[in-house]
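In what follows, subunit A forms one complex with subunit B and a second complex with subunit C.
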Partner chain A sequence: MENVKKAGWTHRVVVTVLMVYLLLPLLATFLYAFAKEWQATILPERWTLEWFSQLFGDVRFLDALWKSFYLCAISVALSLVVMLPAVFVITVYFPKWESFMKGIVVLPYAVPGVVAAVGLIRAYSQGPINIAGTAYILIGAYFIVILPYMYQGIRNSLLTVSAVDLLHSAELLGATQTRAFINVILPNIWPGIITSTLLSFSVLFGEFVLTNMLVGGHIQTIQVYLYQRLGESGHLASAIAISYFLFILALSMILMKLGQKMNRGIEG
Partner chain B sequence: MSAYLELQGIRKQFGDANVLNHVNLKIAEGEMVTLLGPSGCGKSTLLRCVAGLTEIDEGQIILAQKNIVHVPPRNREIGMVFQSYGLFPNMTVSENIEYGMKMRGASKEERRKRSDELLAIVDLEDKRHHYPRQLSGGQQQRVALARSLAVQPKVLLLDEPLSALDAKIRKSLRTEIREIQKRFNMTTIFVTHDQEEALIVSDRVCLMNKGNIVQEGTPEAIYTTPRTEFVARFMGSYNVLTRPEVLSLFGQVDSGSESFAIRPESVVLLSEETRSEAIGTGKHIVDGTVHSTTILGNVLRYSVLAAGVRLTIDALNDSRSLRVGQNSPVSIALDASRLLHLEKEGA
Partner chain C sequence: MLLIEDLLLEDGKDMKRRNRWIFAGLIPFAIMIAAFQLAPILSMLTGSVKAEKGAGFTLEYYTRVLTSDYYLKAIKNSLMISVTSSIAGIVIGLLCAYSITRFAPRVRDRLLMLSNMTSNFAGVPLAFAYIILLGSNGVFTLLFKQWGWDVFASFDLYSWTGLILVYIYFQIPLALLLLYPSYYGIREQWKEAASLLGASNWQFWRTVGIPVLMPAVFGTIGILFANAMGAYATAYALVGGNYNLLAIRIGSLVAGNVINEPQLGNVLAVILALTTLLAVYLNHKMTQRNQLFQSGPASVSARKHRKRLRLWAPVVKEEL
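Moving on to the complex of A and B:
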């Protein structure tokens, strides 16, 4: 990319303003998490690690963090296992169903979290599937919440690499459909899949309304924990927010690196 | 002609639309046949049916004395090159070429040897470790060609392989494809919508329209003797005339045809001197006016209005050719023996 025009000052200003807008609240939260006293000055008067030591000294925090992590991980993994073959089959063999699927997957946007939660609790607190208040109902709900991201992400990756043409080429060269999927389709849609996975994971990690209503009293995720301790101290809440931000950041970076390693052929 | 590949009564419907109407086609071993036609005429569908990527509703596909209708694509021993190349982005050029052999269980040395041979043929030996995205469109299509030849298919199918390339590459690659096809004596079906491409590369051209093969023959025959109005229009630049138009130009006509065609180079534009020479040669001389003149390189194309009929006339662009301005009066000479009598559509 040698002939990319150098960005003019207007572009720089726009980007700078955007960055400030996005990062300023984060920076303030960050400072607040380390502040001992911060009232009448621009920067805190005294610094402390008290909030973090309090936080990490609390077993419930690490417990909540771990719970959030594995609940989200299970939901995303489950979604991947179900959606990847499903979207592949629809895109390649039943393109007519696409418009129908498009409608279905945006339904989670159309139903407000509160409504969904009440409906789910009613439906699953009696009868054969009595799972209200358990992790199962949460995982089920999470699966639905990330449906749009997973569907669109996988579908777009398939379309971008013209999966149908690749599949046909491989088949005519003598590959079975399963083999063609594994050594031709999968390696090429991987970057897109990683992105949707990350996005879904972050969305679930920050989800509060559904979680709190469905299992708030039974299972303490990081968001539920954050909400409970919000009232105690703003500093502590800031520390929680910062910790979980860094956690997501680290996780994203690991996944990205992993994705790049698997795709040295595609990016490079 | 002994048929190596034979299509018998192929029918395909998508919903209510008949995409292929009992298509019959015989192809000899080593022959290169072009399916030519406008978009939506069914040519690509027919190709995909042969490959097994689209199931047919009715008919037989006989390849080397074997009916392959129920054979899955991977066992049909048919190679195919797509308009979009279809190269695997995660594999290098040589990995792409060797993929088919790998699926068929060839040894590493064997694969290596064959891919080296093919890379030499398509002139990409120095690109073997490149990834497809590092190659130009023309190079990618050559890799795709090499990849489909690597497994030594019985038939090679080319689905508009040149349509995504720019004009210059298209011209050189079509010659290259033809040379490679002859070298391997590869039975080939080439699909295109470009009549020039079809005339240049093929042994035989099948012109398709609305799910039927409307005319087939050598490039020469298809070009010089279109059977119907559709063929005449599709093969380009023919003056297609209705019966009243022919009557007003020639005065009379000795056939019951409703439509006629005459090639633009068979009509001669006359200057004052040549007009007097032309009288008495049995040609019909008609007066008219020039509507426009276009230079197509070595050919001058005039649009002339004569006896109320708009005619396209081609003449060699040399020192003797007539330079006439818009609306200047001219005369034209028409030879009745050059007038083609066209059959009714679908007859």
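Moving on to the complex of A and C:
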């Protein structure tokens, strides 16, 4: 199927309809964010930057943005610190446990956010560890959400650089285990890890269910803020949605570039 | 490994230190998993069968849920919306993915990039975009009213049809992402061989193409179904607590202000988790099947496409 160059008109029509369908909601939000008013015409009649200036002048928005940012950053950093040694040890010393690890890591996919929230609330709203409604429970929940991405990312990078061989060579040359890990393995797997870190970050940035159910009343992230302002002003909400989307888009672009670079590095 | 073992034998003390170091690396991970993954699931399970007073075991909450018309309706609605949107997603996904494979590689990559980009647009922002377009004061709603198109007069975004529409929207990019690579499992040589033997295009697809695609299709249905069953943000932002869906009911039972019956929430959560686990298990089985078809050097191109996509997708749920 690789040698098809010219697509027939049926395929062109199908793909055009698909793209219009997929991009229309995005486009509408985009236009709405810049429209002064927009009623009963195909395109808005007057344009404005008012909504964006209002948005970026709003302390609550900047506060929510900052909260989202640092909660995601802390969770991803924690995940890195915990997952790096764990995945390294499993991959290098206990390859037999890998299927078990895969089972653990796949669970967050199979357990929807709303179910996880139910369990977390029950486990931590009474008893010795009462952290319901705090940032701690959210960070713990976030850790689980990004588990699959971090595990896959770290494991794949370890395998692509043949970490086991590298480690043996380093040890033969007289490096201690810790030294070998820090000076030899880490610099080699770094690009792959940055990719999964960014991916995890963008996933967490869009998280709503857990955030709203676990700490919605106490901590406002960007998604919770967006939800709360939905009812107030449509234009303002579009401005939030578009700012959020552009941020995620930029992140994905960086991700893709990194990915291409890595692929090239591996292949040639 | 032999070398390491030799080194270990030479120095017993070193081995002890090494082992301690190795296990120390696993401890934080084990603690986090136990605290935030296993403990909540266990707590939910015990919560669903524990009597409110005392420490007795009871199935009271299960019987209450399974005899309540209200909760049964929520389960039924969720199943209906998930099945409908998954099937619609898979049909549209199959057709569009095939069309995409017919384009030149450059165009193909662009198209997939755009489709994946829209998969970031989910949850609250997506619901909002649909409100702008088709809500009661939406741009299209007003336009159609002005033009006097009565066909759309009865359309209500905040109802079953509206929800289905939005659910299908977020299913399509995921379906495309998961189905697209499997077309590359069908080799051009098979097509040539079939036509040399006198098979028509339709015969080829019926006897070779579609059977080869089947595991991927069922596996993808599993993922789409689980995706729709667990979807909360979109429905919550669109209809609030007004539409009777399983995920919405769980949310309001556990964290809502009006009625607060966490035990029933636990039971509903267990039911929801069972359906999604089953769906993801189906996907797992089907991926294993798929590998049977796609083993050997032929799968290189399929794998390459899959790999390229994986870098892009925030929601790649396959093959784990």
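Keep this in mind: the second predicted complex is superposed on the first by the 211 of 268 C-alpha atoms of A that agree within 3 Å, B and C clash if a C-alpha of one lies under 4 Å from a C-alpha of the other, contacts with A are read in each partner's own complex, and residues count from 1 in each chain.
Quick note on the criterion: a contact is a pair of C-beta atoms (placed from the backbone, for glycine too) under 8 Å apart; a residue touches a chain by one contact, two chains touch by 3 or more.
Not measured: the values here are computed from a predicted model.
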Which of subunit B and subunit C A:Val59 touches, first, second, both or neither: neither
First, second, both or neither for A:Glu171, with subunit B first and subunit C second: both
Per-residue touch tally on subunit A - higher for subunit B or for subunit C: C
Contacts of A:Gly234 with subunit B and subunit C, given as first, second, both or neither: second
Doubly contacted residues of subunit A, that is, touched by subunit B and again by subunit C: 168, 171-172, 263
Subunit B partner contacts - residues on subunit A that touch it in the complex: 161-162, 165-166, 168-176, 179, 184, 187-188, 263, 265-266, 268
Footprint of subunit A on subunit C - complex, ascending: 3-4, 7, 18, 21-26, 28-29, 32-33, 35-37, 39-44, 47, 92, 95-96, 98-105, 107, 111, 113-118, 120-126, 128-133, 137, 139, 142-143, 145-146, 169, 172-173, 183-184, 186-188, 226, 229-233, 236-237, 247, 250-251, 254-255, 262, 265-266, 269, 272-273, 276-277, 279-281, 284, 301, 307-308, 311-312, 314, 317, 320
Of subunit A, residues touching subunit C in the complex: 1-8, 10-11, 14-15, 18-19, 21-26, 28-29, 32, 38-42, 81-83, 85-86, 88-90, 93, 102, 104-123, 140-141, 143-144, 147-148, 152, 168, 171-172, 177-178, 195, 199, 202-203, 206, 208-209, 212-213, 216, 223, 226-227, 230, 234, 237-238, 241, 244-245, 248-249, 252, 255-256, 259-260, 263
In the complex with subunit A, residue positions of subunit B that touch it: 51, 53, 72-76, 78-80, 82, 84, 86-92, 99-100, 103-104, 131, 144, 147-148, 151
